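Right after this note come the structures.
Heads up, the next two complexes both have chain A, just with different partners, chain B and then chain C.
Let's look at the complex of A and B:
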């Protein structure tokens, strides 16, 4: 190979250093937030003069934080379920279907991933105001489902592409109806893809802030919206604590996904 | 004549402008092992898929005991099928795979258990019941697939090149298993392969496909010993084709003049041949011998190479017109086995030679 890592000599060190810098650049802000959430300084001074859990106490004592977290979880769960169901049906069409405009449909379904979020947010905000869906849970869920859909379709379609259709045909010759064959054989065979889709779709909604700001109302706030709102009124370490929890859950879900993948793939 | 068990009537299948199957008509008696043999693209798999219900024929009919199957969807056709690729359900154990067709039919659990045991015994994989397909070899997977296909006692078993992914030794081993299972269960088997040895080894009857039509149908011996066309002769077994001019045919026995000018009488003629017509004379390598026999004629050759293959010798010779021929004399107690360096002729019985239009 032209660029063989083992033969790069001193370049190896430079490359390692560069990679470390990039990783630090990406991760350090998160590490600082987490550290600050345990720091005793009200003004987020670093290094913290002492260590404390009082910001977490304050966080859990305030019912509006808990409510925001529950709202986030509820909307993320519903969006994930919808995105997986729609993503599953769409994947069958994209992978198995042979029709004109299939590639266009694929592109269309994946646009929410590349479209500037703020453009999408304004468009759907204006549309939902007209439909009377602004500030409602349903509106929120629909908006987030659209955003989550690409994250559901990609792993499911990939899994379905890797699944030999002859296996489904075999189930049909065995006497299963085409639907039964899909439910009993195909879906369990691509369950890693479906599971990943659910996690990614959940996370796409869970930590989404731009569309959420447009969808939110004073009575309907997700955790990222609440963090954003609080950040503008006062800079309190409670926000750092809330952010840490947000990051914590995301990390936990990613780890679970990775572990399950490894287990299934053996 | 009694009603045939499975009957294919004037089956035709076109994909757009391409016609994969032209006009296939065929009756299969109950319990027969029939093989669709042919090169790839000859229409054998398409015909099988029409029987399975995966492809609707453009015209024609498939009938089981006199009733058309075409309106019946695949999952209600009561067929078992083993595919070319490994199609075990990856998330189910071997036993659950075999139980699947029974569970789909909501058979009582006691029956399912007993049948799974019987089937595992049939393919001799009793100790693998709890394994997942991923932990089995290719040959074992195909045996489980066979057990699964037979689990609910379908009257017809379809097999689409089930051994093509396996190596030669394993293939022969499983061929023996399939023969035994056919004997023990009496199921009617339609088997697709492009491997003529496999077809000869397994089948009661072979339908040789070419370009979407059946070129010849008969037992392996029919096709080997009495090929109807030069395509059949060339596809089944090994053969030498010598250019010949047809002189006359009397009662199915023809007289020809070979390229070196020699005359041979008493060869089998197929179809009607005109005097003077250009033809090809087919002689199997093992019909050529090194010594003169009671009814043999001789062929003048130069012997180029002699190779020893254990059970037989393979000799390459060249005729006076420069054509290479393949000779595989069978060892026998009376025949001479040695090739003298000076030997200039080989011999054959004209009744073992076949004449086809060129």
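Let's look at the complex of A and C:
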């Protein structure tokens, strides 16, 4: 009876209790960081002696934080757009193409996701140093597009596999050109995959630390590089304020995703 | 791009539907394959041609320690992650969907939250004067603060935290695919719950555990951020050592050789995992 939820007895209670504990463990750092950012202790005492907004004021008073966030947003947006466009074209070929070695090519395109980032980071760092692209926005965007591409291909290819191609063919029989049928029938049908791809690709760049640490220059810092630098010097509560804003962004993305999913699936 | 038309580029005829792959292949070849191969080349040419970098890494005790430590941490993290993830995935697979969606929400929130944010939170929580030590002392469980950070304990807690979603989510799929009838049949035939678990539920979920565990192990081997921030100097892991060799010591030969060893181990384990799950499920399952 181990898979009958209603007939497990005491075992169910024990396992549910354990699940609740693990959920609390997963939630703990996220909730903690938000509470900490409003605490008045510079030495991060918890529970804090009082509540304050001064870390947020300090955060916004320092233009380098805002600048780093804008740099990250710029690079992540460009990388996500590139990864989705390239990934969309690749997905059509991977799902519908009839050629040998398709699975191997799929594996090759997904490799950047599974190989240790540190290996890619030093490889691309050395390569860009020689090409004069080190510490440039273009260099950042190229490196992050490579890393984001698998995150774009997986949801799009999955959506495309679930789409019945005969609907597209029907549009062509009714007089649409192949391109028109793709743009007006197929793309809207797999929009949920494209949308997930855009979010995952954006996050892959926005949260990326390792390549960014190597690629960054004093004049070009992404938000993770800025946080990394602060973390290595001290554990200032300003980092907690910045982190809480990032948690807020994550929550907003989750809500938007859930709402759009609901809307798309109607 | 389309299946209907055969495209030709000059005299080279391409198979149907291949053209769409070109931008992706050019990107990956130019900015992934070539840089990685160039790095491999540096490991056998700098400072002089030969395999001396690999010899240094394998025979010098300092580096051997880092390799040992890396495998140790990855193994401990994988074992703990599997043990914690299994009961949670089990419940998620059979729980009423309203309750399950709350737990899934928590998992996604934790997974999507910025990596540095999560690690920062653990750095503060695990400090000598942090909340966890203060709570333990207040409860009278310990009278001295426990050393929870800058050591193996800190790395394990931080890494298990990050890896749990990657183990739980695929395992839920495996467990959901098991027919509850098989367990009912076992119970009817007189198996005790423990016997049914050991002889039916566990063996049937083993492919999922193996695939997820391998993924967690591979990811842990090459992890950089969390071990660098939560670990101590005496138990450095491979990825941090590689970064240090390049960034601080500018020793490109040794750094690339270490990177290449990490690469080969990862690819070997990844190939093993593909054997276990098959490429289809790897790419479609997430």
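In this text, the second predicted complex is superposed on the first by the 264 of 266 C-alpha atoms of A that agree within 3 Å, B and C clash if a C-alpha of one lies under 4 Å from a C-alpha of the other, contacts with A are read in each partner's own complex, and residues count from 1 in each chain.
Quick note on the criterion: a residue touches a chain if its C-beta (ideal position, glycine included) is under 8 Å from a C-beta of that chain, and two chains touch if they have at least 3 such contacts.
Only a predicted model underlies this, so the values are computations on that prediction, with no experimental measurement involved.
Novice: Hey, is it chain B or chain C that touches more of chain A?
Specialist: For chain A, the partner with the higher number of touched residues is C.
Novice: What is the contact status of A:240 with respect to chain B (first) and chain C (second): first, second, both, or neither?
Specialist: second
Novice: Considering only touches as defined above, state whether A:260 meets chain B (first), chain C (second), both or neither.
Specialist: Neither partner.
Novice: Figure out whether A:178 sits in contact with chain B (first) or chain C (second), or with both, or with neither.
Specialist: both
Novice: Taking the superposition as given, does A:167 touch the first partner, chain B, the second, chain C, both, or neither?
Specialist: first
Novice: Per the contact definition in the header, classify A:188: touching chain B only (first), chain C only (second), both, or neither.
Specialist: The answer is first: A:188 touches chain B but not chain C.
Novice: For A:81, decide between first (touching chain B), second (touching chain C), both and neither.
Specialist: After superposition on chain A, A:81 lies in contact with neither partner.
Novice: With the two complexes superposed on chain A, say which partner A:93 touches: chain B (first), chain C (second), both, or neither.
Specialist: The second partner, chain C, only.
Novice: If I apply the document's touch criterion, which positions on chain A are contacted by chain B in one structure and by chain C in the other?
Specialist: 178
Novice: Taking the touch rule as given, give the residues of chain A at its contact with chain C in the complex, in rising order.
Specialist: Counting only chain A, the residues touching chain C are 1-5, 11, 15-16, 18-19, 22-23, 25-30, 32-33, 36, 43-46, 85-87, 89-94, 96-100, 103, 105-112, 114-127, 142-143, 145-146, 149, 153-154, 157-158, 161, 178-179, 182, 203, 207, 209-210, 213-214, 224, 227-228, 231, 235, 239-240, 243, 246-247, 250-251, 253-254.
Novice: Can you check the complex and tell me which residues of chain B touch chain A?
Specialist: Going through chain B, the ones touching chain A are 52, 54, 73-77, 79-81, 83-91, 100-101, 104-105, 145, 148-149, 152, 158.
Novice: Inside the complex, what are the residues of chain C that reach chain A?
Specialist: Where chain C meets chain A, its residues are 1-5, 15-25, 27-28, 31-32, 34-36, 38-39, 42, 84, 87-88, 90-96, 102-103, 105-110, 112-125, 127, 129-131, 134, 161, 164-165, 175, 178, 180, 183-184, 187, 193, 196-197, 200-201, 218, 221-225, 229, 239, 242-243, 246-247, 252, 255-256, 259-260, 262-263, 266-267, 270, 274, 279, 282-284, 286.
Novice: Using the touch definition from the top, list the residues of chain A that touch chain B in their complex.
Specialist: 164, 166-167, 169-178, 180-181, 185, 188-189, 191
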